[in-house]
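Structures are listed in the sections that come next.
First subunit A sits with subunit B, and in the next complex the same chain sits with subunit C.
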Partner chain A sequence: MAIASPTRNRGHARWATWRRRAYVPVMLAPVVLTLGVLFFGSLLVALLQSFGHAPIYGITEFPTLKHYRSLFALPGFWASVGLTFYYAIVPTIVGTIASLYLALTLRRRFRGRRFVQFVYKLPLMIPYLVGVALTIVLFGNGGIAARTLFALGVIDSTGDFPRLIYSHAGWGVMFVYLWKQIPFTTLILYSVLMGLGKESEEAAVTLGAGRWQTFWHVTLPQIMPGVVSATIIVFAFNFGSFEVPFILGGGFPNTLPVEAWRAFDDADYSKRLRAMAIVMFIGVLSSAVLITYLAAYRRFERLRGRQ
Partner chain B sequence: MTRLRLDGLGKRFGDVDAVKDLDLDVAEGSLVALLGPSGCGKTTTLRMIAGLESPTEGDILFDEESVLATPPEKRGIGMVFQRYVLFPHMSVAKNVSFGLRMRGVDRAEIDRRVAEVLEVVQLTGFGQRFPSQLSGGQQQRVAIARTVITEPRLMLMDEPLSNLDAKLREEMRAFITRLQRQLGITTVFVTHDQVEAIELADRIGVMFDGELVQVGTPEEIFNRPRTLRVADFMGTTNLIRGRLADVGAAGATLVTDVGAIRVAPADHLRTGAEATATVRPEHIDLLPRDDATGLPGRIVESVYYGGTLAYRVALGDLVLQVRDRSTRRFGDGEEVSVRIAPHHVWVFPEA
Partner chain C sequence: MIRQRRRGLGDRDRLGPFGRFYLTVVVGMVLGPFVPLVIGSFAFRWTWPDLLPSRWWWEARATARLPQGWDYVFSPISRVVESTGNTILIAILVTLLCAAISLPAARVLAKERFRGKSFVEFFLLTPLIVPEIAVGLGILVTFIQLGLAGTYWGIILVHLIPTIPYMVRVLTSVFQGLSDDYEEQARVLGASPLRTLWHVTLPMILPGLVAGGLFTFLISSNIFLLTFFIGGGRIETLPTLLFSRVSGGGALDAVAAGVALIVCIPGIVLLVITERFIKEEVFAKGFGG
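Presenting the complex of A and B:
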């Protein structure tokens, strides 16, 4: 029979402690490394290029702010910033309100509820570009809507159809966003509502609260975490979205992501550094908005006693 | 104070009758407990009274006026739920004042009434806390405070004590009884716990399978159950079968295989009828064998329950359960005399 020596026992204990401590970092390493290289690595490259470090294009001006200065001096730049916020904020707010209504309705018992629950999720499975194509087919000047109105005699020619796409009002852009994002937000809010149950609303009703009072004072505050999560994701996507405003937008001034693409795609490679400056600017603006939004929400939650 | 009357109330979910033809009269200021096992329809009945479910048949009347067309928020009821259902994002004071705020009562009046009602539920000084910072008992008291502050016509309680531990449940029972007497609010209390119903209620309605099978005072339900099922649900009991003889003004005799047992007079007793009688274990006296006033028996088993001795006593083939609070103690196998007072023997009017 072997007798374990105290030295050997200490060695085993040290190895066990090391294994226990290393377990989590080792398990996380593949994800952390991939994310680190892909996200922080490319972010660092973009940052360095925006400050003039781009040896692959033969540019080594680092450090310089000239690409940022050229950006702010661009004609229509601030209009682009405004347009980017407009396309990001309006569909986020409209989509959240519509999703709230839809999620609350889906909680009720009605004939055909299961069918509606299936159908509303369909856009989630279809790419944005298909939505863009659908919008053109539906709302273009020669589209289905224009032809139908013309056939009904509402308009004299399909050319009289209001300009819903390729305009700065952005109806087409926002239609695509809402078509895709209402199902997404509804899915989140519906899950939160199902988790919440109906008891607190029933308690409110038995205490004399009407439907609107119950929603405003009881339901909404309790599903706020879901609303905040959904709006953050949707806003961040809309703010950085490129393909939808690129195809359906009204041209100059473009949104910031479209401007970044145009600069990046220019025959003059030095403009790629300006593209990186725009990318960094988009990141800073979007982060500032989301951090402010989250800080305001945390303050609101603290006032309600949540930590 | 409001009188509640349920008239032929029914609720059908698809092919299932959750509540069937239910008639119940709750007097002004009284507390009625709806007692029954899970799924018997008692909560559905309560939800129909609250307006959270619509009946498929019958009527609900507050002071003889139908409230079927009145939405729940206008019925003037207060409901206390099993899981408290406090609003987690509101402080205790905000929870308690919710009903008043929804009615647009002015701020000073709200503050005064919140302070008053928190004192009644012994939670003065807890106003700024949040529900997550309270114990189960405190949360349930806040739920009750939130209900009574609106001075409801009717208070509905849906198993409000079932999430509390045994000691707290006892304290809360006493608290609810005191509060209900003090405020005099007509109350319907739903429970599956017969002890709770007996302690709290002025009257108990026992429900099985969507039907109200017996309504009466706790004493009536406990000692004079209409059916075997009610007797069984109200706690451990002994069933003795026999034939009735000598029915008269002084009572009757139940002739059994183990001897004759005297029964107190009752209208439904008929000479010669086969009958089943019930006797509660605590209503049977055990005496030493030399006492000739009882039936001869033998102790099969005895268990001590702290202050009470539980016996199983054999009388021939019949085994009776007996609870004895006396200081006397009989050992296993000991011969005893079993005495049952006639007024504790109840013959079921229905088999």
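Presenting the complex of A and C:
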């Protein structure tokens, strides 16, 4: 950049250095401030309230742990934690495996490739609630699946059809997650695969590696970073998802986000602090899982000698 | 030996019967559920155990006391038209605002090296990995105090949280692919920074900006939880309207099916546009590629 001569214009030079120094902070300021205030500000509000600082409800007992203590003692709370993990982890694992295979398949040559490439992305584009509606139509007690089984003579009444939705087993919840998330994970993995190209795999095959050997030792290690990012996003989403378990899950206990909303929505305002405690607990649990997962992945990469 | 190797490579590229079966299942799982949904939206009476409705909406049109099926969807009482308007208005404003505040940050992240850069990058990723509900309740409490709850600006502001990370990522990769030469030439030739931005930089990043904008629009129009919290029933968008239609438990009525189909429209339109004009990689920019 232009360097001003010090004898001619010292003020101008100082202005130029100031501008150079301020450039990065000023450019970053809009995004950092917006997210900082909205995102971290609200987390801070929730944190303070969960420890008993809520002047709007006339509660100023900060700092107290009683909202957490009452939460942990609540009947059904730990069952709720279990359900949250269950609904989050199972679809993440099943979905990742299904997506890996789908991404690898999409790379091959076959007829109708353009059509499949188009169709599989559809769930990615529409809200989870549409998936919920589809699940009710398909797997509800009087849904299409039950009607088809009736027509085939497998069941005699709606009562014979297994409860797939509105139950704690959560088949419906997990179906919606998979329906929405397999396309998401596949898209990430597919574009990572496209970025890599096929050279190293072809080299492995030329050197005599079998299908599985190539997959385990060449393809998978290369796309591992993509797998890790996708699973992190998917897990974090499922862990905090509200509307799907709220509608398709069983009654009480439900997942932590649903219980948080119920506590917040209660006519008794003091329960709102418990809602904040639940929400903080969700954040801490989810971060702990993700940090452990990332650390394990880093360790694995180091052990393998890749940095 | 050589022949065998060649065949090996060829075989790997062509899809086997199991792979074809898998793709059929995937396509079936994606499209299949829509068939009963579409049929359901036209049904008037569809009782157990009929596989097709026994009476259709247009047959019952004359006799039914209240508007049925799609008549109801498009009548003002269903609030579908109003919600669609809200969804589009909010999404457009979110997209414009999000682009305006993300552009400078993306440029700096793509072109400059500075201390704390990886921290800023991590900071911008956190909304993707911290559950939305953790943020939602804190914001709701704050917005109630500030009088922003139940207002358009309140909803627009919260929509920035999940959209900024995506927009910054897309725009950063756009700026990374941009050479400095043209801007420098414009400056050397005497163009002011503003003129350079308007006549040189913006036209060059326009395709990426459009791609990022389309995704922001889509994300915003699909957000449920934050709109539900901040809108508080006063401002309905398509996802919150659908929520109130499907959260009652039990089976799905024709109106709910109709609303669910309407909610899909922005996504389908966008899918068609992106398939035609935008390269796949934009979707997954920076996810470990």
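Criterion: the second predicted complex is superposed on the first by the 295 of 307 C-alpha atoms of A that agree within 3 Å, B and C clash if a C-alpha of one lies under 4 Å from a C-alpha of the other, contacts with A are read in each partner's own complex, and residues count from 1 in each chain.
Simple rule for what comes next: a residue touches a chain if its C-beta (ideal position, glycine included) is under 8 Å from a C-beta of that chain, and two chains touch if they have at least 3 such contacts.
These figures come from a predicted structure and were not determined experimentally.
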Regarding the shared-chain residue A:Ala295, is it in contact with subunit B (first), subunit C (second), both, or neither? neither
Touch test for A:Pro221: subunit B only (first), subunit C only (second), both, or neither?
first
So in the superposed three-chain picture, is A:Arg304 touching just subunit B, just subunit C, both, or none of them (first/second/both/neither)? first
**Request:** Would you sort A:Gln213 into first (subunit B), second (subunit C), both or neither based on which partner it touches?
**Result:** first
| Touching partner for A:Glu202 - first (subunit B), second (subunit C), both, neither | both
Chosen between subunit B and subunit C, the partner touching more subunit A residues is C
- Task: Using the superposition on chain A described above, determine whether A:Leu138 touches subunit B (first), subunit C (second), both, or neither.
- Result: second
Checklist line | Which of subunit B and subunit C A:Leu65 touches, first, second, both or neither | finding: neither
Subunit A contact set shared between subunit B and subunit C covers 202, 205-206
Counting only contacts in the complex, subunit A reaches subunit C at residues 23-24, 26-28, 30-32, 34-35, 38-39, 41-47, 49, 56, 101-102, 105, 108-110, 115-130, 132-138, 140-144, 146-148, 150-151, 158, 166, 179, 182-183, 187-188, 190-192, 194-195, 201-202, 205-206, 211, 223-230, 232-233, 236-237, 239-243, 246-247, 257, 260-261, 264, 272, 275-276, 279-280, 282-283, 286-287, 290
In the complex, the residues of subunit B that touch subunit A are 50-52, 71-74, 76-79, 81, 83, 85, 87-91, 98-99, 102-103, 130, 132, 146-147, 150, 156
Residue positions on subunit C within touch of subunit A in the complex are 5, 8-9, 12-15, 19-20, 22-23, 26-27, 29-31, 33-34, 36-37, 40, 48-51, 100-102, 104-105, 107-109, 112, 114, 120, 123-124, 126-142, 145, 157-158, 160-161, 164, 168, 218, 222, 224-225, 228, 238-239, 242-243, 245-247, 249-252, 256-257, 260, 263-264, 266-268, 270-271, 275, 280-281, 283-284, 287-289
Interface with subunit B, subunit A side, in the complex: residues 199-200, 202-210, 213, 217-218, 221-222, 304-306
